[in-house]
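Labels run A, B, C and D following the written order; every chain starts at residue 1.
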Amino acid sequence: MTERQIETLTEGEFAGWSREVNREGFNGLVGAYYYQADDIANMKVAFKAGKEHLNGGGTVHGGCLLTLADTSMFIFSLPHLNDGGAVTVQLDAQFLSPGHEGDIIVATGEVTRAGKTLIYVRGQLTCGERLILSYSGVMARKAARPSGDG
Amino acid sequence: MTERQIETLTEGEFAGWSREVNREGFNGLVGAYYYQADDIANMKVAFKAGKEHLNGGGTVHGGCLLTLADTSMFIFSLPHLNDGGAVTVQLDAQFLSPGHEGDIIVATGEVTRAGKTLIYVRGQLTCGERLILSYSGVMARKAARPSGDG
Amino acid sequence: MTERQIETLTEGEFAGWSREVNREGFNGLVGAYYYQADDIANMKVAFKAGKEHLNGGGTVHGGCLLTLADTSMFIFSLPHLNDGGAVTVQLDAQFLSPGHEGDIIVATGEVTRAGKTLIYVRGQLTCGERLILSYSGVMARKAARPSGDG
Amino acid sequence: MTERQIETLTEGEFAGWSREVNREGFNGLVGAYYYQADDIANMKVAFKAGKEHLNGGGTVHGGCLLTLADTSMFIFSLPHLNDGGAVTVQLDAQFLSPGHEGDIIVATGEVTRAGKTLIYVRGQLTCGERLILSYSGVMARKAARPSGDG
């Protein structure tokens, strides 16, 4: 992973949010993702749904919502990782209402348990007051499975 | 949704598979997705993992795998939809082993129950013999919730 | 279902909680379950773990925790059912810490969406401040599947 | 855990199945559970639904089905445990059709991955040809969390 460069926006609808300058990989393809935190234990991840995030039915693709959910589980876990990595072991989600083009969709959540091997997370995607996705999952610290062993 | 145009490839590693000519929306962004079926009740959906599908750790992003899983649930449901649509109600997944750049990842699965309102699906993503993701979920026929009501 | 008779306890560790006088079926076998609410939209369901609730490892059996979770999803849904019934479509749970003999385990939660067909719920089991189980699920109104159709 | 004593039935509807002679704890309360295997990697767990397993709606309680599912995940994992224990980390389930009084409900399944720390399982509950519950989950080897640490 190359050095990540972060910039904080000062204007526009994401004023006060930060994003990576040179986004790579899947989050670069799917994003831009924006990050904000009152404090490190209370991170938010957001993106704005465009035409490229829609499914054939004209609403935001389930996979697009799940990508934000999966990304946020890692972000929520960061304060517990102590420079180590983590991989998703399991994720489950309920789709409560559709996302639409133009929606700013925000992931918030919490670590419900940070153990020696596993980290448990739950969260929700919202657009304003509207709940879009409810999700929870388990992550494994990378040191705990050195050879990709589950 | 605009008219979908399908072409079947005759050479290359996806010879014998079909894909949409003008891909739009999230599947166009994330794909290309390739489709193949011995028969309509036995569809397979595949894609080849590239650099743009990776996470910061250098393996295929969980959201990318979940996007294929979610897309496949819809594809597996098609024979039961009778020209109606369906939306994902719920999806859960276990991550069994990482996907790598260059992997051809294939979704296979089955409808375990097609009811009047709900369709139940389960499946797996594999690369060759290797299991990558195990997933299951529930879809709701669109007629059953005419106003996006869950 | 026979008429249910409710009594409210005035002493003991469940003082202020209510329970059914003649419990039948699985909740009678597994319980007693105790119910309490500040208001109808904020129900709690509790039981005290005894020797008969343990697994071979000496902690509360996962199935016992899941039974409370499943029961609570129905209880949380009650204010939205208008005298109709509901059945569980899907449930997922994360086991955060073990329950022990003597623990009073309490289910709290919320309806995240009550639609025409489906009701979405999430909750947690706790013992004091300790999180034991985090769960979410989807229920279907009974009228929506008159012949047990999913 | 006390010594377990097993007997194999030679008559009745569970002829050829085995059960514990003195059942204790939650499986003793909820069961009897019956076990059968063509080979050790292909275990089946079954029980017969009685009046005491029903919910208020007159079908088998979701918690009763989930108890069988959770128990079976441990049984399916046994060939991989090498005398160590395992605890459930996560379980998700879809309810496909109701169980009825008198049904013999059978759990079958497979370990999809047995890693150093985690064991992944999926299975289904059936009554004859009818699918009742589809489930999957993750178990953690006990050595991997010596102090109940998740």
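By our rule, a residue touches a chain if its C-beta (ideal position, glycine included) is under 8 Å from a C-beta of that chain, and two chains touch if they have at least 3 such contacts.
As the structure is a computational prediction, the values presented were derived from the model and not from experiment.
Enquirer: Same interface as A-C shows up in which of B-D, A-B or A-D, over half of contact pairs matched?
Expert: Over half of the A-C contact pairs recur in B-D.
Enquirer: If you average the CA coordinates per chain, which chain's centre is most distant from that of chain D?
Expert: It is A.
Enquirer: For the chain pairs C-D and B-C, which is connected through the larger number of C-beta pairs in contact?
Expert: The greater number of contacts lies at C-D.
Enquirer: Compute the distance, rounded to whole Å, between the mean C-alpha positions of chain B and chain D.
Expert: Once rounded, the distance between the two centres reads 31 Å.
Enquirer: In angstrom, rounded to a whole number, how far apart do the mean CA points of chain B and chain C lie?
Expert: That pair's centroid distance is 35 Å.
Enquirer: Calculate how many whole Å lie between the centre of chain C and the centre of chain D, each centre taken as the average of the chain's C-alpha atoms.
Expert: Inter-chain centre distance comes to 21 Å.
Enquirer: What parts of chain C, by residue number, touch at least two of the other chains?
Expert: Answer for chain C, listing residues that touch two or more other chains: 89-90, 92, 94, 96-97, 113, 120, 138, 150.
Enquirer: Can you tell me which positions in chain C touch chain A when the two form their complex?
Expert: Residues in contact with chain A: 92, 94, 96-97, 112-113, 120, 122, 124, 131, 134, 136-138.
Enquirer: Okay, in this complex, where on chain D does chain A touch?
Expert: Against chain A, chain D makes touches at 89-90, 92, 113, 115-118, 120, 138, 140, 144-145, 149-150.
Enquirer: Where on chain B does chain A make contact in their complex?
Expert: For chain B paired with chain A, touching residues are 1, 24-30, 51-64, 66-71, 85, 87-98, 142, 148, 150.
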